[in-house]
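The first chain written gets the first letter, and so on, giving A, B, C and D; residue counts start at 1 in each chain.
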Amino acid sequence: MNRLEVDFLGVRFPNPVVTASGTFNFGREYAHLYPLRRLGAVTTKGVSPRPIAGAPTPRITETPMGMLNAIGLENKGVDAYVADELPWLKAQGARVIVNVFGDEAADFAHVARKVGPYADLIEVNLSCPNVHGGRLPFAHDPAAAAEVVRRVKGATDRPVLAKLSPNGPILPVAEALEAAGVDGFSLINTLLGMRMDLERKRPVLGNRQGGLSGPAVKPVAVRLVYELYRHTDRPILGMGGIASAEDALEFALAGARLVAVGTATFGDPYAPVKVIEGLERELEARGGRWVDWVGAAHTPD
Amino acid sequence: MPASPELAPPRPRWDDHAATIVASEPLGPHQRLVLAMPTLEARFGPGQFLNLSVPGHVLRRPLAPSRHEGTEVELIVTPFGPGTRDLVRLPVGTRLQALAPLGNSFPISSGDAALVGAGAGAAPLAWLAERLLRAGRTVHVFHGAPSAEDRTLVQTLYERLGLEVRYFSEDGSLGRRGYPTEGLAELLAGGAVATVYSVGPFALMRAAAQLAIAHGRPGYVSLDVHMACGVGACLSCAVQTAAGQKHACVDGPVFEVQEVVW
Amino acid sequence: MNRLEVDFLGVRFPNPVVTASGTFNFGREYAHLYPLRRLGAVTTKGVSPRPIAGAPTPRITETPMGMLNAIGLENKGVDAYVADELPWLKAQGARVIVNVFGDEAADFAHVARKVGPYADLIEVNLSCPNVHGGRLPFAHDPAAAAEVVRRVKGATDRPVLAKLSPNGPILPVAEALEAAGVDGFSLINTLLGMRMDLERKRPVLGNRQGGLSGPAVKPVAVRLVYELYRHTDRPILGMGGIASAEDALEFALAGARLVAVGTATFGDPYAPVKVIEGLERELEARGGRWVDWVGAAHTPD
Amino acid sequence: MPASPELAPPRPRWDDHAATIVASEPLGPHQRLVLAMPTLEARFGPGQFLNLSVPGHVLRRPLAPSRHEGTEVELIVTPFGPGTRDLVRLPVGTRLQALAPLGNSFPISSGDAALVGAGAGAAPLAWLAERLLRAGRTVHVFHGAPSAEDRTLVQTLYERLGLEVRYFSEDGSLGRRGYPTEGLAELLAGGAVATVYSVGPFALMRAAAQLAIAHGRPGYVSLDVHMACGVGACLSCAVQTAAGQKHACVDGPVFEVQEVVW
């Protein structure tokens, strides 16, 4: 009995544990440690239409049980990844979730169209700034976010997940995205945060502020997954601080059908595999299959 | 532009290795740690680094060994922020994990060598000095510190090699008052045909690099960029080079001074 | 030279370190450890017009470098505190910040009027639910929050701080409060979060969700203080995860003129005093007075 | 209604005391820890607790000693969540901090005593048994566990007092199959005039309390409520009593069974 198997929007995953976008690049760096097909899926670093150089350094800094990053969306642009990385990644037998973003809705669609052939799912990163919307992230502008999803849906036949930001109310955005035909949700992206350098009397990060991730944000993430699950019937990919099988089960109880491991991979490159192995043991001991745990903490009000 | 071949030898693949602290002793404000890493078959080269776990911390810490003998890896750690402060306090016997070996290493010069360092930058430099001496090179060492505080560090790392170190202190309390680049400037001005190697604060490495460039000498620095993954996956360690943006953990940390956009 | 002295809205504080509301009760529990007048001030547990029994247990649970609480605003009501606790606290020579809340604007004013004689500052807790505003917290309803501040200002001659919530955008609320005459701000209150109990397959807390505090939230708090400081000329009392003098200096750089120690007191009841002593040492070593550090990380864009 | 006077003796003020782990040994699934607390002049009574720091954790952990002899405080810790899991792994020599002494303690019965416990609930009960025996009381002990797993715990805590323990296991692998309240029920049904004391899971304490009440016997339980401060400042440890809401850390943890709203 494979207790971990899960269907998500018609795609069969041998287990629910995927990597989080931006923490695993396109998988090549870790492929000599374990076969990438052992993972539920690899979620790639965010891909935009054209190359982006990213933010000034320092781009990362540690905080209590968390980290801040301001990578600034560095990537080589969709054409480079379609040429070099995505075919290689598919050839590993990995399931692939491609994270896409852009300056405007058409950019997202452009990238989604190009990566579609290599993607099992498309994840739309709505936390990036809406260049034509006063640089407010799409995630905080329901209409702009809906337009992105509509365009992406039109550009690909792959199921589309919208990745939500915890830095504003999520329900109004989620509602607008459902109306736009989104297939599922992923959350949380990072929480905005800052750390000060006492020597330089300046923010540590080159970009001043960055995104907080890691165990510190787990309670915030679990709560948002729980809240979203109550309001949607579309499946949820949950993440934010997952570092163990127990963490993953917390997200399942809250309503996550897939879970992503991000920051934990920096502390231990085997973390995604250890979460999978831990889930096998935990479910053996506690009983039930993964899918039985999904949403199980929801009781009538 | 690919890095010059001497900077990019075929590298053994890194893995996550057990690393047990078998010795820990203060050297002034620094700490000398010795890790036993029995599963690490690959050999570090000077300049390469490991990414070391620290209990209670989400990220690992990149550190460049000052020696690798048998299964023992020697580190010099300067307590700086919360992670290194916790690291230097760990008792002997503590079991950590280290991604290793990571990054590239310093090439061995064909002629004389001038080493310009400060603080824990002496760790990879002293080890490089050991290799240079073994290769028969003449090695000049210039070490800088705010005060006399690095005396034990310098004694421990360089004097075991029989190397004399020219010490520069900002307050004049040991060696010459001033910065170690002054020693380098005199050496090069005197016509020495030396390859320059520098590890230390950014301003020091930049000054050393500019001297090397001005005198038409080859030079190498080890860039200290904030790192998360250490293996090329997070893109946090961007470095601007003449050949475009690179990443210190995989394309470095050692860079040729001409290559870096200073 | 007293490097720590600071004037805040006309009140002189020997040092900038106060306790955070709800983590120090009314000070009696800790008064045998150190004189309460040693602190910058004691901020009291939130006071409402009538007694409140609070939430079902468990009311707290730990998370990575943080904790969740859902105390449910338990308190004995203003009359009990005016009779028993506030006179005692003033008699200790402590400066006192009284944290007030209620179901509607008039409640806040009622409490502020009664506690005014014992308060050096009044802190208005806007994170409590607005009973007549669909139970949305006042903090997320600029108009309702402004009405609270207007009423409280009318009921007391003490300076009034509005305590902001990090669970929604803060700038629109801050602007409305400035128009309503608020004297200063305090932030952050807790971030909403949740932890799951894997045995019971339920949220751990009796109230299901709670408020996250402690070092985990520090980066979020520093960033919000920084953001608010750029938009207001009114002084800021900063808090969220402060456990050391270094943490306090991070908040100063971001723009906090006073800082509060909350959750850290549970881990070490001497924490507020240790932060004060640490600041004396740090400023001795790093140079400058506390007030020189306030806002010092702000540079032109 | 104030607590009965025997529950509220004038209490020494708590402080934060250094506590060094001087012994740590597994007892089946539990761990016996001995802390040296040389600065703690006050004496714990059975049922009182300390609030112990665990490195890397924001909150302390409330634990009720099983003995306090000289400067040594004995604890039984059951690894439950992250904090207690880390605590039982700490090496001997680790220096912690403990708020102590906290809370009230069990009163000594005027006649026979019946102790109903499970798991680490045996810690304060065994110590109470020691005090009861010293006061010349007859002590009946009923201990429950899922299986034979608590055998060593029971041996360590009770057999050193020369007390015989009636063991109940859910799977029948040691002692009688069933719950320890069955033993209490038989004892009371047999007409024993015993004061009931219970520490264990809520359901166990409630069942024991109901038996005591049904037989008109006095009874005491130690309520296990999630605590943050441990000293009355955070209001997290609310307990519903006949006299209104109380707080377990200062009004308890020991409550008279009639007082608790079950």
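Definition applied: contacts are C-beta pairs under 8 Å (C-beta built on N, C-alpha and C of every residue); 3 or more make two chains touch, one makes a residue touch a chain.
No experiment lies behind these values; they were computed from the predicted model shown.
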{"item": "Any chain in contact with chain A as well as chain C", "value": "none"}
{"item": "Whole-Å separation of chain centres (CA-atom averages), chain A against chain B", "value": "36"}
{"item": "Euclidean distance of C-alpha centroids - chain A vs chain D, Å", "value": "46"}
{"item": "Between chain B and chain D, centroid-to-centroid distance (C-alpha), Å", "value": "55"}
{"item": "Shared-contact residues (touching 2 or more other chains) in chain C", "value": "65-66, 214-215"}
{"item": "Touch-based graph of the chains, sorted into line, ring, star, complete or other", "value": "ring"}
{"item": "Touching pairs - complete list by chain label", "value": "A-B, A-C, B-D, C-D"}
{"item": "Touching residues on chain D, where the partner in the complex is chain B", "value": "55-56"}
{"item": "Residues of chain B that touch chain A when the two form their complex", "value": "13, 15-16, 53, 57-60, 81-83, 97, 99, 225-229, 231-239, 245"}
{"item": "Residue ranges of chain A in contact with chain B within the complex", "value": "22-25, 29-30, 32-33, 45, 53-54, 57-62, 65-67, 69, 71, 74, 214-215, 263-270"}
{"item": "Residue ranges of chain C touching chain A (in the complex, touch as defined)", "value": "63-66, 68, 168-169, 191-196, 198, 201-203, 208-209, 212, 214-220, 222-223, 226, 241, 246, 249-250, 253-254, 286, 293, 296-297, 299"}
